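Structures follow.
Common to both upcoming complexes is subunit A, partnered first by subunit B, then by subunit C.
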Partner chain A sequence: MKSRHAFYLMLPALCMLVLIFVIPLFFLVAKSFQAYVPGTLVSPPGFTLENYINLVSDPYYWSVYLRTLRISFVSTLVILVLSYPLSVFISKRKARTRGFFLTLVILPMIGGAMIQTMGWFATLMRYGFLNSVLLAIGLISEPITFLGTELGVEIGLVQAFLPMMVYPLTSSLLQIDRDVVDAARTLGAGRFTVFSKITFPLTLPGVAAGSVLVFMACLTGFVTPSSLGQGKIQVFGTYAYQQAMQVMNWPLSSSFSIFFIILIALASLIVSVVCRKCAERRGR
Partner chain B sequence: MKEKKLWGNINAVVALLVLLFMLVPIIVIFVNSFNSSQFFSFPPEGFTLKWYERFLENREYKTAIAVSLKIATLSVLVALLLGIPASYGIYRWKSPVSKVLSSLFLSPLMLPGIVWAIGLIQYYSIVNLTGTTAGLVAAHIILILPYVIRLVLSSLSYLDFDTVNAARTLGATSGKAFLKIVLPAIKPGVIISAIFGFMVSFNDVTISTFIAGTKNLTYPVRMYVELRTEGLDPLAVAVSAVIMAFTIVIALLAEKFWSWSKYL
Partner chain C sequence: MKKFFLVLMMVLLALSPLFAGGSSEVSEEERAAMIAKADEGLDEETLAFLDGKDFTGQTLVVGVWGGVIEDILREYVIPPLEARGATIELLLGGTGDRFSKIYMEKDNPTMDICYLNMYECQMSMRDGITEEPSAKIPAYDDLYPWAQIASYGVSVMGLGIAYNPDYFDAPPNWNDLWKPEYKGKIAFPNYPGSEGDAFLAIAARVAGTDEHDMDKGFEKLRELCPVPLVYTNLDELFMLMDKGDIVAAPVISGYAWTYIDRGMNIAFSWPTDIGCVKTMDTMTIVKNNKHPELSDAWAQLAICPRTQKAYAERIYFGPTNSEVVLEGEVADRVVYGERVDQLVDLDWMYIIENRADWTHRYNQDILEYDGN
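Showing the complex of A and B:
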């Protein structure tokens, strides 16, 4: 096929992408360098760095970024711990059963964030499902407050994004050669040695891929922190929404989100360089 | 051997507990949709179908679901019409340019939706697309398109292109070769991305909350607004239960017929 023909095949999709995805991003960047006048969506002409200077100097924004980071870190760690046994279990099933379990795992995700959030709302309310059960079996004497706390948000995030870890983890577990594990066992390695020297290192690509997906999803999540945080847990997504849709401060919401993306990009660059250095040192 | 069995059992118990945790919201919604009490209570006060009856009488939710169905259907159709030729172009055009273009097509998956949405509201307010069906459909196409391209490309990677060449040599037109050989080969990718894309569009809250305006409320946006302002409404619980039931059936059928978990 001539390259011209191939390009024509892509052209309609490309136009759509540029019109609806790329151009809005230019608007986003442009707005972040404009001044905000309360009460109007129109900014006075001219270029300003004021929004970014505010972001760097005002500790409030840093506190929102840090809270987002903390909640996402805890959720990602819990997701990793929970998805490991589940992925091991799934990877040991026969193909058909494996498919069934993988479908069960992804069910909440395709069922939609809103339905999950509503279910968690009913579960975590003051006299909701969880508190009723805990009170009935006498584990607690007073209902625990989950909604509007970081714990509540983390519970929601863990359940929402766990499938993003289970899928890559299961597929890297499936790629492990059974013979390697059997050989190690025959040579007298214990269960923990096999896990720490063979299984875990071989699944590291899956762990890394899953962690990046999950961490990014937690950092920029909006529905879960907004509904389960009850407006009391201000994270990146909820603050960006509030500024864009309620305060109508588009310059701030634009610069606030661009600055966050830059911070994430810088952090991941540092992490990947450090990881590569460590791998090289170990490889030597 | 005994030790191995013991560890296997412990692993199975832990795994099933995690799975149960994953399904807690769904189970709670199903159980509570039959609860006769106006407020959430566990154990349920009594069995009733009245919330389902109210749902059938409720115009607002029926309209919202109709809006969601319309937008999801249109978005999937257009995304397939744009995505299938684009994937075929990427597959056939082996050059660095097509590599760049293909990562550009997948880039909406990389950028957090909420960041894009903040740019989108500014753009839509200028081109007057806020709150319109066209605006929602266009945005949802961007949400679906990367999945279509990724899944169709992965189906195409199993296609042996020599079969197409053979058909052409034997006198088939390029259109006929596409219909008879390429299309059947990418069928699983097309079907699965259509189902998955439909779900993504039908359930999207983040992007839609930003651009839905007040007239074109999709059902998840309506639910979100209600949950944030008025708390838990038993009617919304019943609506969720109905939608979840459909989702479960679709997911299990998709797994049974096309083993879709392999592609996701």
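Showing the complex of A and C:
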């Protein structure tokens, strides 16, 4: 009886998932096996594996996959390093102040990705805010080119997805029993030992959850790499868009998307398994 | 008593649309005055075409670019139709989105009018998605012949060269961009797209051939690499050009003038060695659309002289209607008069058919090439 209730409660979400994800995915799979005829958007009837063969055999696609993975990995790592001290700071505040800081962290997300990216576009331009400041204080003598580089894209991604790491990390930090930390301190453990042997291992589930979330978001990001990469940095999202909306090669774009969904699933599985193993080992 | 008031309130609420409808009903005189105001400045042909038309209850869905183009449509095309009872819904965005939409909705279109680039309309007409343009729209006969192909051309531009005058003794020609001192200092347009395809074709012509031999085009374009900037934002492009980081870029005529008027150190050249490549914004009527008569009225208003003049005066986009008369600075800044015949036409169908391969090649051979 209980499980039936649970099923009814799940039904609206399930319907929505089927309607806006499963059915379009089915069309996407079907399209990915169709042939592309140059000069028309109408595919002839029939079945072909050509798109998939291209995606595996052409080294250019592998350079796109690897670039996407590299940018996502670097961004996730930087986000983790930046988020940790921030989360520690927030978790040590009183409940009300904590809420205030958490709201501050998530506030940029409310404006949407486009507004944030436009802000970064203006900031990172050759004669934008960042270069002007760096030039003014004499740190650089020539403006740095951020836009159209992997660094520019990574800066945008780090800012955009930082909240996705801060929330699970803060939550993990708040769950740590103060007594455990106090006990370690009483037994003579220094600050670093407490952090490396107690705090960090106990927050590994938060690190894992945050990392998977951020990594997935970076992998599938489109607005940030598209604007800050200026068409020069092709990653999964920008390439799929270029093929679907500019070249109008829907079969290739579909197969590229399906292929990448499989890669993402594998990548996130590996990340979560690694994180879980680390957590288990630390927990022992 | 409470119940009575509750019922009364509900009845009043239910009837409120009727009262509202009654109060917003316009009298014949008011309607005539609205039409007269909206029609001010329209030519005789358009007035005769719209005469007596009543579009009450009809909603026209138009897919078009936003920004100043939207402003022009809201000021010159929409009012005469709204005065005649129509409701206009604009779907703003890039062509990719609406082009996909009209294909996906092939059997049951929700969009009536779709603005496209000149190469997309040829494809959609051939695939039976959009109507073939015809003389059922009176202004069709006034369009230049090249603006009657596969769509109603609404504005014509030429791909020329925006440049920083400090780096050139005279307005540059296409060949000048390949001088060794400019290597790595020429900004590229996005590819694929009107400007990107046209620049590739220009490179082929500089190499002594044309778009039908693109091996030479790619080879020539690589000589300009590394690409310092793929411009997607004109503010950024012209700021870098003003500072001299970029010395020149292939830019559509019309885009540069706003920045020149702001006092930036840039100029625009109409190259004469190969010529400016013709690019055109077009308007198509979606096949099997729900409001054929209203769609035709939109088409007429979109290409009539009043609207076309506004394009020229506001954004320096040239008229496709041969009846439009321009004078002074505006005439000098747009594709108009003698310039119309000097534009270079590309084989767009050939380009479209090869775009997938060329994009793949462009991504690897141009964007990822460091110039060494």
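The rule we apply is simple: the second predicted complex is superposed on the first by the 246 of 284 C-alpha atoms of A that agree within 3 Å, B and C clash if a C-alpha of one lies under 4 Å from a C-alpha of the other, contacts with A are read in each partner's own complex, and residues count from 1 in each chain.
Keep this in mind: a contact is a pair of C-beta atoms (placed from the backbone, for glycine too) under 8 Å apart; a residue touches a chain by one contact, two chains touch by 3 or more.
Because the structure is a prediction, the values reported are computed rather than measured.
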{"item": "Clash or fit (per the criteria above) of subunit B with subunit C on subunit A", "value": "clash"}
{"item": "Subunit B versus subunit C as contact partner of A:60, first or second or both or neither", "value": "second"}
{"item": "Partner chain in contact with A:127 - subunit B first, subunit C second, else both or neither", "value": "both"}
{"item": "When both partners are placed on the shared chain, which of subunit B and subunit C touches more of subunit A", "value": "B"}
{"item": "Which superposed partner A:31 touches (first subunit B, second subunit C, both, neither)", "value": "first"}
{"item": "Subunit B versus subunit C as contact partner of A:227, first or second or both or neither", "value": "both"}
{"item": "Partner chain(s) touched by A:107 [first = subunit B, second = subunit C, both, neither]", "value": "first"}
{"item": "First (subunit B), second (subunit C), both or neither touched by A:41", "value": "both"}
{"item": "First, second, both or neither for A:148, with subunit B first and subunit C second", "value": "second"}
{"item": "Subunit B versus subunit C as contact partner of A:245, first or second or both or neither", "value": "both"}
{"item": "Clash with subunit B, by subunit C stretch, listed 97-105, 241-249 or 313-321", "value": "97-105"}
{"item": "Overlap of subunit C and subunit B interfaces on subunit A (superposed complexes)", "value": "41, 121, 125, 127, 227, 231, 244-245"}
{"item": "Parts of subunit A lying in touch with subunit C, wherever the complex brings them together", "value": "36, 38-42, 60, 63, 121, 125-127, 147-148, 227, 230-232, 234, 239, 242-249, 252"}
{"item": "Subunit A residues within the subunit B interface of the complex", "value": "1, 3, 5-10, 12-14, 16-17, 19-21, 23-29, 31, 41, 82-83, 85-86, 88-90, 92, 98-108, 110-123, 125, 127-129, 132-133, 159, 162-163, 167, 191, 216, 219-220, 222-223, 226-227, 231, 237, 240-241, 244-245, 250, 253-254, 257-258, 261"}
{"item": "Partner subunit A, residues of subunit B touching it in the complex", "value": "7-8, 11-12, 14-16, 18-19, 21-29, 32, 40-43, 81-83, 85-86, 88-90, 92-93, 95, 97-98, 101, 104-105, 107-108, 111-126, 138-139, 141-142, 145, 149, 196, 199, 202-203, 205-206, 209-210, 220, 223-224, 227-228, 231-232, 236-237, 240, 243-244, 247-248, 251-252, 254-255, 259-262, 264"}
{"item": "Touch list for subunit C against partner subunit A, complex", "value": "94, 96-97, 99-100, 103, 123, 126-127, 190-193, 227, 229-233, 236, 239-240, 243, 245, 349, 352-357, 359-360, 363-364, 367-368"}
